[in-house]
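Both complexes shown next keep subunit A, but they swap its partner, so subunit B is in the first and subunit C is in the second.
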Partner chain A sequence: MITDSVAVPTTVRPGRATRAERLASLSQRHGALTMLALALIAASVTFESFATAENLAGIAIQSSFVAVIALGMTFVIIGGGIDLSVGAVFALAGVLAAFGSRWGPVTALLLPLGAGALIGLVQGVLIARTGMAPFIVTLAGLLAARGLMLALTTEGAETPLVPRGSGFLGLGRGVFLGLGVPVWIAIVLCGLGAVLLRRTRYGQFLFAVGGNEDAAGLMGVPVTRVKVVTYALSGLLAALAGMLNAARLGSGVTILGVGMELDVIAAVVIGGTLLVGGAGAVGGTVCGVLILGVIQNVVNQIGTLTSSVQSVVSGAFLVVAVVAQTYLSRAGRAR
Partner chain B sequence: MSTARTTDRLRALAATAALLLTGVAALAGCTKSEDGGSPSDGSSGGEQVVASSSPSGEGCTLEKYGAPKLDLTDAIVGFSQSEKEANPFRIAETQSIRDEAEKVGVKKLLVTNAQSQLSKQISDIQDMLAQGAQFLIVAPLNSDGLEPALQAAAAKKVPVLTIDRKINATACSDYLAFLGSDFVEQGKRAADAMVKATGGTGKVAILLGSSGNNVTTDRTNGFVQQLAATAPGMEIVAQQTGEFARDKGQAVMEQLISSNPEITAVYAENDEMALGAVTALKTAGKKPGTDVKIVSIDGTRNAVQAIVDGSINAVIESNPRFGPLAFATAADFYAGTAVQPAIIISDRAYDSANAAAELSSTY
Partner chain C sequence: MSDPATILDARGVTKRFPGVLALDHVDLTLTPGRVHALVGENGAGKSTLIKILSGAYHADSGEIVHAGRPVSFARPLDARAAGISTIYQEVNLIPLMSVARNLFLGREPRRLGLIDLRRMNREAAAVLDRYGVHVDVTRPLGTIGLGARQMVALARAVAEDARLLIMDEPTSSLEPREVETLFTVVESLTAKGMAVLYVSHRLEELYRLCETVTVLRDGRVVHTGPLAELDRLTLVAHMLGRELDQVRQEGTTRFGEHRDHTGNPPVMEARGLTKRHVLRGVGLTVRAGEVTGLGGLLGAGRSETAKAVVGALPLDSGTVTVGGRRLRRLSPATAIRAGMALLPEDRKAEGIVPDLSVRENILLAALPRLSRFGFVSRRRQERIVATFTKRLRIKAASPEQKVGELSGGNQQKVLLARWLCLNPRLLLLDEPTRGIDVGAKAEVQALIDELAADGLAVVLISSDLEELVEGADRIVVLRAGAVVAELDGDDVGEHAVMAALAEAEPREEDDRDD
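Coming up: the complex of A and B.
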């Protein structure tokens, strides 16, 4: 509707960004990184059992599943959308993976990934072709995916189990150089994601679409295709996380993923990705995920709080993180 | 420029509003409404009594489990609670563990709360292990899926005692033992109380608990079987989940009375849903406890008070005060006594005959 070319952000032409703009985008990422570093230092000083290899490896594995989903969410949000279906797809994929594992690791891999990508694809087509709000389409996706999962498990009463000794379990439980396999997978994927976002045409198109969709369309960006690919990718990554988690748990637990989309969105936003689209970075998202992981761990380190106080403390930490991050980003933008 | 700014700002606003909405929705979903009427003084009587220890086998000993000997007064004990302390059962359960830990004089008690998220319960347990917990008491959120946490505990030779819900694993190898109520038996006793309250005829609606855990399944099966066996004149006309929450129980009850006005009895699988049903019935102009008989399970103070007031007919207790028995079991285990894989506690029952007298020992 609004074809005001002035609003096209400079990220469309990354080659010609001015120094001030580069600084702004740097501090947007580094705001989260600084916060993470501060949180790590503060926690290490306060709690002697925090900075141990065991505890840090624990935070890493807990965060790895969220990180994989948040990677897809970063793309979606940069493209000016939102994906509320990820938590439900995560749970559905776990059930499908455990269900499929009875026919061997290959089905356990392909079944959930196929389903996740398909759900994402359908959502992407609906959003891109019909112009419906991503919020509504993916909310419908959330309900559909959760409903499907409950239908497969007779209202959540049956939990499909991965056969003992199945090679599939290694994906979730294997340890390499002190870190769990899911952590390594998350690291590799986030690395690839950063390259995809910064160094490919798709990445440039995505920033353009998120910055100003109409302008991007006028400039010849294949808006529909970019959106469809982005939502399909988000569904695929959510399913991958669900599958890895099922391999770790050894079962397709039906109560997972409720409200998970909010944690993921929070992590992405803490990481400096703008909720309105057009700006963001994978590195920031990773920091955001880790900040959430550290906050949860710190609450447990205190160890004596009641659940309501735990929520208050997590909320307070979160506010501090967001305020500090926003302040740091602003300081960077103020030339 | 200014139009572009405005649209940007509008989009930002819309996005924020959307996010806030989901947040509010999620909060509303999580918050099990509880007006906090019942102060939880875990000490006021009502201590758990063992009904039966599973007879088979010779039980679990230190050597068999492979755990190192431990003096509880010099130990770090971890407690992983599954759900928010937002309903009387969870409040009383956590308080009881805290109180007993203090009484026994453990060196340090770590308490975590998974807030109904299984992934969080796993990381909670791992966090406590990383902090040096030497004995773990776990109230499992779900029967499946805790394997990584149990393996982490086993790797450090830390015994895990599960309370209130059972997990699908092997006692004495994956975990030490299970401590809790017999939920099928609770369902059966609720059916007996229902027959007594209604005289054996009527149309019953069941408010089911959350799907996906054995508490709901067992309480339903026990009730349905016992009713079929003892009261052929009673018909179950509706079964719907109220997710163990008062607001959900109320909403479901409202729908049920309008679609099935002939309902004469309600079996709620916990007290919170029963209290919701009482409100719904009152709103619909019916007299709960008289026009529509209500039986529920848990034995919270609010529900037993409702028996005194005449709006609920009977309540079967599910005793949440696991502290004394849990630490006694741990002490036995470390003293070399064999621990049975399933220790079932005996639960009391409340009706109009004893509600007023027993009110002070409820939770």
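Coming up: the complex of A and C.
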């Protein structure tokens, strides 16, 4: 990393934070929330049909799958890594869940989750032990998971179906207090994830590894274990999302998940997690996911627009988020 | 058999890196309640030995006996579990995490399995208070001063109930007052029976703190025994591997006498540099051929003044005039174009590129100036690099070695070389000899003097009062962000600076970071 020789003044005034500093850190922390609020207001004002309970519940369920994956991705990125395999694992897990449902709901649950965790574990071990770049290892993981999925479905020609009346379907289609079961699962998991990150030793270790891996090792952090656990968790969560989606659709759709890793990374970054690692929060990620969900919904509402427009708008948000991040972190430091 | 009174006994420890035998059958014995000094030139192998003792590196051969049993630590965690606490040479903490989280990483107070944030922050504040660090512990560590960070590292190392504390140049980024705090802590620890291994290039510290000493030279132990039996010159002679007479003679090659340059035109004039809470209308004039020292205590604003001059610290108001032309927008780029170069205080974060070679690191800033149509003659590059590696005694396997693989002190020298070969009109040096061994220190000082004699204007910041007084022709004393005294000609002396500083006792305890 090249650092400018005359860069950031280290400290000037310790003790209390100044008002400008507090403001910067506040908007940094809640930047994604602000963006989400603005997007919601703009959409409600423009489209009458937007702020209906039905539409919002639809956005929630659409977003819940992405949110579960993005939760794992948040962990991976905070730890200084990246996981490109999540989209492929999502698809593979869907197919495995649909296959497994023939033998009952338990196999439908365990088969995809086990496979996802195993893929993540192997990736984690490779990254942590051999020092290979996460980008390369998880790219290989993406190809392997997609290949496996295609092999299981005779090159994607078969779509395994969940038997009618299987209890497994309830996991995806059930509704509780007006929200789909996947939404509740996502909410609970994100809550747990936030606690894991801020209030457990593992969370502290993860921030330390992402912040400065060498220093973390010297401070007694079990770096290898932290990385392996994190990638395994990411694989597990991606598989969980794929499984829930299969339960909702009633089949393991083979064409899903392509490019999904990029949407997930975009959501995490919009949510304020630093791509270089060492900083981030689950709350931000949830906002990032919802922002992308709202954009997609609005583009669908307009109807005449194609999904490519949606990509352009999402991309614009990403740029805005990243520019805002850089600007705010600079304002927060250069006092 | 090992003596029951020893806490750690290293025998025949050997470590080889590509191209260098870093440690060659090193023996070291540490006893409870004693401070043992480990000294040697830059690159002698001190940090390597420490990393082996603390489980960060593995010895190629040799044995470590800890508390009577042979041990082999697979990783730092294991050494810590065995009661060996280490503060490494580079402050090794996580800048983005809060002060409290850094302090407690790995042993956070928990309730019902979850970290008790309130208690952690409260305890962190209480602990740091005892070390004279008064900061908001929820702030990211990276936003507090270097010295304060070092104190956090110390508090962290001591907080675990360790039996052996290893410190690799803990004082190199500390101010005198913090050094005192550190000494008090160390003394109270040894009184409780802790063994301490202490590395420093500051001889006066060694004599104050340590009872025994081991001298390393090129990876071999050349002397070990009670420190009181060695006088300074003999110690230095052991370190450098030279005859006493030669050392004595070189010891006198110091900065030249103070000269008067009031006739020379000013190279740089700064007026009314102001930034809320930091600088209050600082003015500074530097003339060609003149070394201007900046004196002051912690938080006086010396580093900030230097940074402000080169545009690295955004100002509320103030002007900088270079060679009679006022700089319109202050920024590092305009400063470099105007011929100003700053050797920053925090080298680790602000300058070294560990994966580039020694040659590339030295020439990084000078390349644009050296190049013709985008090409730089390799021969010319090598000549410049060879000159500086020789003069500063940079110890590297070759100029193509990665800087990240050099010893800490040699990395410092590489950075110093980078700014020296830039040929600026004004050179601002913030703690130029920090972490550099005694032999090279004299060389650096001679070099600064030589450059000034050639007409370069120099601003020198040093917490080493002796170095400041000997090196500077003029001293500007700062207090709480304002100039309180200017000492010229014969006034320049340790007493005069002390007097100005004494009057300038900072009023706010809080304002402690430089």
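In the analysis below, the second predicted complex is superposed on the first by the 279 of 335 C-alpha atoms of A that agree within 3 Å, B and C clash if a C-alpha of one lies under 4 Å from a C-alpha of the other, contacts with A are read in each partner's own complex, and residues count from 1 in each chain.
Keep this in mind: a contact is a pair of C-beta atoms (placed from the backbone, for glycine too) under 8 Å apart; a residue touches a chain by one contact, two chains touch by 3 or more.
Note that the coordinates shown come from a computational prediction; the quantities given were computed from them, not determined experimentally.
Visitor: Between subunit B and subunit C, whom does A:I82 touch in the aligned arrangement: first, second, both, or neither?
Guide: first
Visitor: Figure out whether A:L218 sits in contact with subunit B (first) or subunit C (second), or with both, or with neither.
Guide: second
Visitor: Counting only touches as set out at the top, which of subunit B and subunit C does A:G250 meet: first, second, both, neither?
Guide: In the superposition, A:G250 contacts subunit B only.
Visitor: Return the residues of subunit A at which the contacts from subunit B and from subunit C coincide.
Guide: Common to the two interfaces on subunit A: residues 2, 4, 6-7.
Visitor: Applying the document's contact rule, which stretches of subunit A touch subunit B when the two form their complex?
Guide: Going through subunit A, the ones touching subunit B are 2, 4, 6-7, 49, 52, 54-55, 58, 62, 65, 82, 84, 135, 150, 153, 155-157, 159, 161, 172-173, 245, 248-251, 253-256, 258-259, 261-262, 265, 275-277, 296-297, 300-301, 303-308, 310-311.
Visitor: What residues of subunit B sit close enough to touch subunit A in their complex?
Guide: 1, 3-4, 7-8, 11-12, 15-16, 18-19, 22-23, 26, 29-30, 81, 84-86, 90, 94, 108-113, 115-120, 122-124, 126-132, 141-148, 151, 168, 211-212, 217
Visitor: Over in the complex, which subunit A residues touch subunit C? Could you list them?
Guide: For subunit A paired with subunit C, touching residues are 1-18, 195, 198-201, 204-205, 207-208, 211-212, 214-222, 278-279, 333-334.
Visitor: Where on subunit C does subunit A make contact in their complex?
Guide: Touching subunit A: residues 56, 75-77, 80, 86, 88, 92-97, 101, 105-106, 108, 110, 113-115, 117, 134-136, 139, 142-146, 148, 156, 275, 277-278, 303-304, 307, 310-314, 332, 335, 342, 344-346, 349-351, 353, 365, 418-419, 510-513 of subunit C.
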